[in-house]
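Labels run A, B, C, D and E following the written order; every chain starts at residue 1.
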Amino acid sequence: MNGVKRLRFKKHKRAGQVGDRPGMIRIAEDALKPIISAYSYNKDELVTCEGRDIKAVLKQLDKCDNHTHWIKINGLGDAGLIEQIGEHCQINSLVLEDIANTHQRPKFDEYDDYAFCTSRIVYFNHDNEIINCQFSAIIKNNIIISFEEDHNENRFEAVKARLKAGKGSIRTDGPGYMCYALTDTIIDNYFVLLAEIGDHLDALEDKLYQSADKSIMFNAQQLKRTLIVVRRASWPERDKINDMIRSESPLVTPEVKLYLRDAYDHCIQAMDLIENYKEVTSSIIDLYLSMVSNRMNEIMKVLTIISVIFIPLTFIAGIYGMNFSRQDDKGHIIADNMPELYWHHGYIYAIVFMLLIAVIQVFVFWKKGWFNRL
Amino acid sequence: MNGVKRLRFKKHKRAGQVGDRPGMIRIAEDALKPIISAYSYNKDELVTCEGRDIKAVLKQLDKCDNHTHWIKINGLGDAGLIEQIGEHCQINSLVLEDIANTHQRPKFDEYDDYAFCTSRIVYFNHDNEIINCQFSAIIKNNIIISFEEDHNENRFEAVKARLKAGKGSIRTDGPGYMCYALTDTIIDNYFVLLAEIGDHLDALEDKLYQSADKSIMFNAQQLKRTLIVVRRASWPERDKINDMIRSESPLVTPEVKLYLRDAYDHCIQAMDLIENYKEVTSSIIDLYLSMVSNRMNEIMKVLTIISVIFIPLTFIAGIYGMNFSRQDDKGHIIADNMPELYWHHGYIYAIVFMLLIAVIQVFVFWKKGWFNRL
Amino acid sequence: MNGVKRLRFKKHKRAGQVGDRPGMIRIAEDALKPIISAYSYNKDELVTCEGRDIKAVLKQLDKCDNHTHWIKINGLGDAGLIEQIGEHCQINSLVLEDIANTHQRPKFDEYDDYAFCTSRIVYFNHDNEIINCQFSAIIKNNIIISFEEDHNENRFEAVKARLKAGKGSIRTDGPGYMCYALTDTIIDNYFVLLAEIGDHLDALEDKLYQSADKSIMFNAQQLKRTLIVVRRASWPERDKINDMIRSESPLVTPEVKLYLRDAYDHCIQAMDLIENYKEVTSSIIDLYLSMVSNRMNEIMKVLTIISVIFIPLTFIAGIYGMNFSRQDDKGHIIADNMPELYWHHGYIYAIVFMLLIAVIQVFVFWKKGWFNRL
Amino acid sequence: MNGVKRLRFKKHKRAGQVGDRPGMIRIAEDALKPIISAYSYNKDELVTCEGRDIKAVLKQLDKCDNHTHWIKINGLGDAGLIEQIGEHCQINSLVLEDIANTHQRPKFDEYDDYAFCTSRIVYFNHDNEIINCQFSAIIKNNIIISFEEDHNENRFEAVKARLKAGKGSIRTDGPGYMCYALTDTIIDNYFVLLAEIGDHLDALEDKLYQSADKSIMFNAQQLKRTLIVVRRASWPERDKINDMIRSESPLVTPEVKLYLRDAYDHCIQAMDLIENYKEVTSSIIDLYLSMVSNRMNEIMKVLTIISVIFIPLTFIAGIYGMNFSRQDDKGHIIADNMPELYWHHGYIYAIVFMLLIAVIQVFVFWKKGWFNRL
Amino acid sequence: MNGVKRLRFKKHKRAGQVGDRPGMIRIAEDALKPIISAYSYNKDELVTCEGRDIKAVLKQLDKCDNHTHWIKINGLGDAGLIEQIGEHCQINSLVLEDIANTHQRPKFDEYDDYAFCTSRIVYFNHDNEIINCQFSAIIKNNIIISFEEDHNENRFEAVKARLKAGKGSIRTDGPGYMCYALTDTIIDNYFVLLAEIGDHLDALEDKLYQSADKSIMFNAQQLKRTLIVVRRASWPERDKINDMIRSESPLVTPEVKLYLRDAYDHCIQAMDLIENYKEVTSSIIDLYLSMVSNRMNEIMKVLTIISVIFIPLTFIAGIYGMNFSRQDDKGHIIADNMPELYWHHGYIYAIVFMLLIAVIQVFVFWKKGWFNRL
């Protein structure tokens, strides 16, 4: 469970500055250099091209003119690249700004002859930190250009594999289907993330029942915040898919809409699961607080009962430690004040008296049910 | 009340994997082997066929061509079986995927010449664990194929009995009516479950008034979560029934819609009851927390009052235990320092003085109302 | 205030069983035997007939053919009676089932030539228990048949009186008006109930300011739950009245709709009042919890301050109770160790020193504001 | 701050009785006798008439036939008066009932040739009690009759002044404008009330930072409830104004609608302010509870640390107060048991040892940061 | 973190008085004297004029008749100025009232040939106090007049710079675009503010993990309230932009609508961020309360355990401090009562016995896990 780290919330500094001309592309300082892969495919053929040079890719576009092209860009650290693509495909500069400014909510915007969509990719990285980065895609005619903020190249491995295998509709259904396939993979990854969160919650709950300590509170709060991050990613995702389904653009074919309905269901299932986990997290926090309070109360109760039992005994011992005395003429002490002190077996009587008081106290407290667990 | 076990939330691992081709049927590892029952009925006749062999069933379908068929499948552990059915009835592979992936929310989807609906079955099993499994049904022409995730064969016993008896509309109103009958039975079972939860709540409340211990908190939280499970099952169920009522498919006849309106009312009653029980549960938790706090306060108050009464007395005893003395030339102690010690009956005076102080304290505390229950 | 009893929530066991044929009338075990009253009235005449025999009533219906008939049935313990009425008026069996199964939410359903509506009757009975029973009515042509779950025959006394007096529209405006009159009376009774709850809340608040004890918490929680019961009755009631207003059935005449708008306003006023009382209840609970906590803190603070004042004093007394001594050759004690013990007036000095310490402590605590009420 | 009195919530007893004939006017027992003022004005002239006699007013109506008339009635204690007005203007008896039954929510109802609207007037009276009384108005043709539940005649002083001055649209824009002017004044008064509440909140917050005592909790709860009262008045007021703006009645001219849009904005501003103050109140309560808890914790911590420091010291003093001794033949005590008692400077050593222990304890506690404020 | 000051909520005294004639301009007492800047620009030219004299500006308007004019007014302390502008542009007096009464919510109102919009400007001033002032703008034909409540002239520096540079659409797209540019700058400034709040939250959280003290509670509450202020500014801002996008006024050209869609997205991002920060703030408060409670519990537990260990020891010391004795004829004490006192090494035995008891206690408490952190 110690795996859950403190979730530092990214400062959400928008790369742009106050008063910037709309459509101005500003690259964040820590943006990664782009890596480009291009896949040109039709029913019969799959041409692949990887590298960092956009020109080679654009050349391939021109060459394979009866193919569908998927250009996959990881890393947004090069404003020139984005502008070049924008120019080549005649994309509005506001869209290019949205690609570079990685704080977009999931949305689907239609333009004259192309469409633009964004999603949030959320996952735990190797340091168990939560990463919330942006996926965006431009869909046009026979081309889809996808942008990911990070360098994780394995994310769409399964899509690439299906592309290579050439089975299913992936080779034949155009860029709309590819957009669906990528979106669906992103949503599927939410379930992977939620399964991890579920494991964490399970571990937390085990710990709660075994050895509750205050890390539970911290971890539960961190999970709660992580869930909020996923939720903020998946709620607008649902609206986005809905927009795609109701779109009248020729880029989203009726066949793709059928698949999107499926993705829509998955998205709702993810949201359901998130709400469920949020309630579980709250319940864990409530139980933890109640347990801590109970344990503390239990300890204080026992300690206080021990104190209270000894207090009257100590008082009695104190009484017989008093130096009251009466002396006769010769300075001898006369058993006149505190005669008990001079009795045969007075000491035994005193001890027995004390024991009696202790027993009575224990009996009374037990009778009142104070030894029961609360 | 000890019957309510810790509710481990199922990991909700979707059988599918990230990037799977849409429509791919993946069977969960712990899925049960299917048991098949087929009922072919018309106004005059009821032909039954049970077993594990789908071929015998399909043969019966061909044979009884002026019958309505209800094929009931318990257990989803055989991908081949689902594919065979899909092929025979020409069902979209996305639907088949939804049958196998048992995390669907209740929904009603219409296709060209068939419809598909899902529900959640929620019940306590013999170990008092909450089970949340999937019911799905394909409705077509003159056939309804229902899938249940588990092997509980008694669930629809009453429906079978009505089928055997042949009374009412069940034999004549086609697969739409059968779909209603099964859905209504599932909703009726929510009331059975809710009655059990109501009993648990009643027992919890009795315990609250008699001997509140911390199991109340745990049990109440478990019941709360169980209620959330039922709620997540019944809310979309209502929408699903509404979709069926507003459907224009010929599979849902106007007569069936009248019955569905009835089922809709039942579903809303169940939701009402769930909300009611949720409020009761919250109220029990609030009362419990308040009671624990009150009891603890009561104990601490009494103990502290006892301590405080004895503390000044012990102090006085301590004073007369001091060894102040003045000696004359002969080393005899002179009653000059602490003359009280040498008074006649000094001891008695001291005891009386202590008693007096104790009485005054008790009086003051009583006057301030500190002995009253808070 | 002790009048508010523990509100046991009725088990809400639906009389029907899982898988029952729809439209099957099942009578709850504790249902009361029906008492029947029939009022046949037109502008000039009012014929009354009371008893337990439905046949006499049906005969009267045939006889008075230009009258409007109000048949009032108290108690639902006779399935045969309901079926007879259903047959006579040609009522759908699903409606009859809803009459017998007394867990309907308020609703207004229109059928071909009749309408069916239900309401919840909520009141405190003589044992101050909250009763939540069902009112339902079938409206047809020139007849209204009302069903009440209990035997309280005074509920509609004012309506009967107006009927006898023959003033206003009641004699002339048909069964729709009568339905309005009964519904309005039920809503008026919510105000009676709410006035009682308001009195309870007022008493609770008085008690809060005078002598808060833990019964406040219990009573406030009970009132909260009672308010939830009324709320669950009145919210759908509003929708029901709205449905009636928007209905196009000839049974609800434009004139009656005008009155219904009035009833609608009353219903919203009741809901407003309920929300108001709920907020007051929450505020009472919050204040109570804060007061208990304050009082407890106050007590503990005073007690602890007393303890702390005496602890150093007792320590000093303990020091001078130590037996350090030095003896000379003759075994006489030499004032070498602990010479204070042998000083003139050493005892007085010690007492004064103790007093001084006590005074300093009191001064410091007072200076820090610890004697102020929190 | 002591100005905020306990907010007794009016019993909301509706004057009517269960089962009353609709439209029956029942006057509340504590209703005030009506005072009547009538203002007949046109562009050139303003005729005023005040008193308690409705007949004089009705005569004036007939006399000034090309004037607009504003009849202002303070106090609803005379059913006859209301009936007379109702008869003269041919008002539906349900409307008259709503005027007398002063628990209406703000609403705007249109009838054939007149309209009826109500508002809530909320203010602190001279005893700082919150008063929530009803304003209602009948608008017809060239007449507006306004009813106020109380006798406060200064409320609309500014409106009267503008009427006398004769500037602006007030003289020329008919009864619709007058209705707007009165409503706007009522809303303006919400801001006066909210400013008072804001002052109270400010004072409460000052007190919180200076000398928090438990009156803060009570006062904050009272303010919260007051805010709820204003909120319940202003929310439906907004809907009412919206209804007026969308009304197609000729009584609300387009020019008046423009002004109503302005009043609508004011109403939303008031609602905004109310929500704001509610959040501030909650924040004050949270801070107060946290502060009380902190202060109490601080006190208990200091007291407990003092106790713990002295407890081991008292124990050591107790040890050297033990009477262990060994006697030689002559009855002299031999320094064999507890030789420390017979050491040179043994006493000094003991004192130093105690001091050492105290210092170590203080050091350890300080090191652990227990002297820091929490 | 000490930078966050107590957020005194402005009294929100509306400048107007109860019953004011609608459209009356009342200037708040503390309103600042206006500073006027005018920018007249077209594709080729930019004429600037600054000062306090509105006449010079109006003259410029007449002179540059094929320009677009932006008149920027900082400070609303001159009713005459507002009236002059209103007269010159023929603006409704209600609009002028809204400009002067600086409590408007963001809104966009269309009139015959002009439009009026307001926004809230929210920022921390140099004293780290939150300022919430009003921005309003009248858009007409070829003129936009913007009003700011304060004197901060750097706010729109970037817009002025773009105007001077003459790039982009700013010079050519008319007053609608300028209105967009100003609104977008205001929204961009929300992100600056939110970044500051994010820094504060980060600092608070660091403090929480390092040295939690009660300033956290105060600061978190202040941040919460600040967030509420921003939220109340940005929520209606979104609606306002939406109104602008859906407006059919020629003042908002389709090109500007495209940019407004972008601003709409930014506004939603800001709202998202606000909700996020609110949740973080709540989580910090929850964690803080839990930590304080845990720390206090830890301290009290340790202190109480120390007390309880010493209490029985002190009791034993008390026992052997009792003066039980028996004397023989010669007044010698006989080891008959309390013989332990006269044993060889009795003292050592007693000390060892005490140590034993202490060790047993420590062992038992450790075994029970009471030394573990809760």
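Brief remarks on what is shown
Going forward, a contact is a pair of C-beta atoms (placed from the backbone, for glycine too) under 8 Å apart; a residue touches a chain by one contact, two chains touch by 3 or more.
Note that the coordinates shown come from a computational prediction; the quantities given were computed from them, not determined experimentally.
Of all chains in the assembly, none touches chain C and also chain D.
Under half of the residue numbers at the chain D-chain E interface are used by both copies of the sequence. When chain A is fitted to chain D on its Cα atoms, the angle of the rotation, on a 0 to 180 scale and to the nearest 5, is 145 degrees. Here the CA centre of chain B is 41 Å from the CA centre of chain E.
A straight line joining the Cα centres of chain A and chain B is 25 Å long.
The set of chain C residues touching two or more other chains comprises 300, 304, 307, 311, 314, 318, 321-323, 338. Taken chain by chain, the contacts form a single closed ring in which each chain touches exactly two others.
Chains in contact form a single ring whose order, set by starting at chain D and proceeding to chain E, is D, E, A, B, C. On the chain A side of its complex with chain E, the touching residues are 6, 8-9, 11-14, 16-22, 92, 94, 97-98, 103-105, 107, 109, 211-214, 217-218, 221, 224-225, 228, 232, 285, 289, 292, 295-296, 299-300, 303-304, 306-307, 310-311, 313-314, 317-318, 320-323, 330, 332-333, 338, 340-347, 350-351. Chain D contributes residues 156-159, 161-162, 167-168, 170, 181, 184-185, 188-189, 191-192, 194-195, 198-199, 201-202, 209, 258-259, 261-262, 265, 268-269, 272-273, 276, 279-280, 283, 286-287, 290-291, 293-294, 297, 300-301, 304-305, 307-308, 311-312, 314-315, 318-319, 321-327, 331, 336-338, 370, 372-374 to its touches with chain E in the complex.
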